[in-house]
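Got some structures for you, see below.
Next come two complexes built around chain A: one with chain B, the other with chain C.
For the complex of A and B:
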């Protein structure tokens, strides 16, 4: 009986994983078409190979799943594990065109970049980026854009017909807020908001690109890609110098705007789209984000002033402010070289490290602890202080505003504390592994924070020459951090349980 | 005493930036940016990406294979560039002599080189990459397998149609 239950669980998980994998495979049509447009024949063929592999894998999974099992209701475990499996297999198939392109030293490097893109991290192991085909660059940035909104959100929006328990898949991808009562409509709202911004953002970057000296065609593709990376708080860029390549205040200002709004909660975007502008000023996440951002910018500015790294206002703004915002929103855009971070004071680096760990908003494209959880922990602290100074018989109620007024309950505190704790534990373990691989503690900690919180800023640890074991650790950490641990833990628990039952 | 101090200051201002002879690699410049800061350096590499003209000057990204550095040069220099390195294009190999800035005050603190001399060492060229027949063969095989499996699933009632 237990064996049969396990078999049913596996089949159901593989069914939904198959659909998500085929959905991800279908999106490769976009870079394939771009490659054809630029006469990059071999690159186009690489994408066709990967598309066929995804459909072949998906159909092999489907072959074993009878119709009656497909109608079974998804449990939380199924949803979480299906997402975990889909992301893992998606990483393998998504890495095929990267690997075949010849711009990656190994398949592991290619898989690393897919996971980095899907999780909107932005750390990269690509070699000779300045000569990469348009098709590959399209895939790098499209992966980030899809990953930001969520692979499952994409599948729910356009692929699945009727799914009982779709919310469990949606939550598995660390998006807990149901903007509309129906999960499918919520997923569609997320995509509609993103596509509207995609259109506006691409036009903005396109125009600026032409003003700063790019040809119209180059300006368009750079605009599209940089917007995708900015909105998804991804951090990839089409050239090896990242955002510094453009040497433009206008381009950097556009990045400021789009990485900031990209790190906001989709529920907040939806409210603003519906005319509820007051929510922006009242929302606890926004207040928390701007408070922590201001404090950390002060720390970084003091750190930079201490060593006199940047002295003028323009320099502090374009380097200091830019990187604090890039770190805090989980983007990872850079306007300096990785090695230049070594010239920053330890105070400035510490400020960036904390900014990376804090991250953006919940239900957004950003990673890290998330402002919602930081706000909840702050309100919990306030509540406890109030309790201490109040009479023992007093009932202390703490409220916060997030879309609506919410009474702070133990479940909020427990959830926030648990996730933050998991982030910290993961960060510490990753930093220790980095140190064990021979990197200085400060560098290892910086890179660990960047990978765990899906940021993408690099102090120089992430290179094709880094030890393979560290690449594997970073892949796992980016994956776990993006799915906010629960889905990955569910996957591990499921495998453990399956082995135990045998 | 004041006059001597003034004279020394004027002389210091008139003395040209210290010159580093022979081309320096980008890694050397990045790793020892304090040492090379505001000194005249020589740098060689391939022009990649885009030449971005800004008024009378232009930004030219030059890659020596290790890193890409931005070179700020007069448009007259930039006009000598014929090939820009991209996919299927090997850019002109150029030689630049100019002042290296670790944190350029003119450009918002960016690390760059302000070129004073410029030369194209080797012209670039287009790279023709022939269609890979083994890839095409793989596509055909995978296509047949996938189509067969979709048909099998359809026959068994186990397919999925988007």
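For the complex of A and C:
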């Protein structure tokens, strides 16, 4: 009986994972078409191979799943583990065109870049990025764009019709807020908002690109890719110098806008786009983000001014503000070389490190603790202080505003504390592993924060020459951090349970 | 079907445009706060 239940669980998980994998495979048609358009025949062939592989894998999975099992209702365990399996297999299949392109030293490097893209981290192991074909660059940025919204959100929007328990798949991908009562419509709303901004952002970057001297075609693709990376708070860019390549204040200002709004909660975008403009100024996440950002920028600016790294006001603003915003929104765009971070004071680096860990809003494309959880912990602190100074018989109720007024309950506090604790534990372990691999503690901690919170800023640890074990660890923490641990922990628990039952 | 129709009518051009302007306003305030902080620490 228990064996049969286990088999049923596995088949159901593989069914949904197969659909998501085939959906991801279908998205490779976009870079394949771009490659054909630019007459990059080898690249196009690489994508055709990867598409066939994804459909073959998906269909092999489906072959073992009888029709009656496909109609079963998903449990929380199924949803969580299906997402974990889909992301892992998706990473392997997504890495095929990268590896075949010859721009990666090993398959592990290619898999690292796919996970970095899907999790919107932005750390990269690509070699000779400045000469990468258009098709491969399209895939890098499309992966980031899809990863930002969520692979499951994509599948729910366009692939699945009527599935019972869709919300469990949706939550498995760390998007716990349902904007509309129906999960499928919520997924569609997320895509509608993203496509609206995709149009606006591409046009803005395209125009700026032409103003700074790029050809119209090049300006268009750079605009499209930089927007995709900005909105998804991904941090990839088509050039090895990242945003520094453009040497443009206008480009940087546009980045300020799109990385900030990219880190906003989709529920907030939905309300604002529906005419509830006041929500922006009342929302606890925005207030928390503003507060922590301002304090951390003050710390970084003091650190930069103290050492005289940047002497003038404009340099402190342009370099300091850009990187704190890039860190706090979890983007990872850079306008300096990685090695230049070593010239920043420890105070400035500490500020950046904390900004990376804090991250953007919940139910957004950003990673990290999330402003919602930081706000909840702050309100909990306030509640406890009020309790201390009030008579023992007093009932203390603390409220916060997030889309609506919400009474602070123990479940909010428990959820926020648990996730923040898991982030901190993962960050500390990753930093220790980095140190064990021979990197200075400060560098290892910086890179660990960047990988765990899906940021992508690098102090120089992430290179193709880094130890393979560290690449594997970073892949795991990027994956776990993006899915906010619970889905990955459910996957691990499921494997243990399966072994135990045998 | 009814839900699909309602999804299509979720947003109107005017409110979306104003929404983007409002969100731009947030970023402008953020940038100005950054300018003030930069000016203060280098002063």
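Everything that follows uses one rule, which is that the second predicted complex is superposed on the first by the 502 of 502 C-alpha atoms of A that agree within 3 Å, B and C clash if a C-alpha of one lies under 4 Å from a C-alpha of the other, contacts with A are read in each partner's own complex, and residues count from 1 in each chain.
Definition applied: contacts are C-beta pairs under 8 Å (C-beta built on N, C-alpha and C of every residue); 3 or more make two chains touch, one makes a residue touch a chain.
As the structure is a computational prediction, the values presented were derived from the model and not from experiment.
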Inset, instruction - Answer with first, second, both or neither: which of chain B and chain C does A:62 touch in the superposed model? - result: first
Inset, instruction - In the overlay, answer first, second, both or neither for which of chain B and chain C A:441 touches. - result: neither
Legend entry - Contacts of A:312 with chain B and chain C, given as first, second, both or neither: both
Inset, instruction - Check whether A:492 is in contact with chain B, with chain C, with both or with neither, and answer first, second, both or neither. - result: neither
Legend entry - Which superposed partner A:133 touches (first chain B, second chain C, both, neither): first
Legend entry - Touched chain A residues, chain B compared with chain C: B
Inset, instruction - Scan A:421 for contacts with chain B and chain C and give back first, second, both or neither. - result: neither
Inset, instruction - Have a look at where A:189 lands relative to chain B and chain C in the superposition and call it first, second, both or neither. - result: second
Inset, instruction - Indicate the residue numbers of chain A shared between its chain B interface and its chain C interface, in ascending order. - result: 312, 314, 316-317
Legend entry - Residues on chain C engaged by chain A in the complex (per definition of touch): 3-4, 6-7, 10-11, 15-16, 18-20, 22-27, 29-31, 33-35, 37-39, 41-43
Legend entry - Contact set on chain A toward chain B in their complex: 18-19, 22, 26, 38, 40-42, 45-46, 48-49, 52-53, 55-56, 58-60, 62-63, 65-67, 100, 130-134, 158-159, 212-215, 218, 239-241, 244-247, 249, 309-310, 312, 314-319, 335-337, 339-340, 343
Inset, instruction - Give every residue of chain A touching chain C within the complex, in rising order. - result: 180, 182, 185, 188-189, 192, 196-197, 200, 253, 256-257, 260-261, 264, 269-270, 272-275, 277, 280, 286, 290, 293-294, 297-298, 301-302, 304-305, 311-314, 316-317, 320-321, 325
Legend entry - Complex contact set, residues of chain B against chain A: 30-31, 33-34, 48-54, 58-59, 61, 63, 67-68, 70, 85-88, 102-103, 105, 107-112, 129, 131-132, 135-136, 138-139, 142-143, 145-146, 149-150, 152-153, 156-160, 162
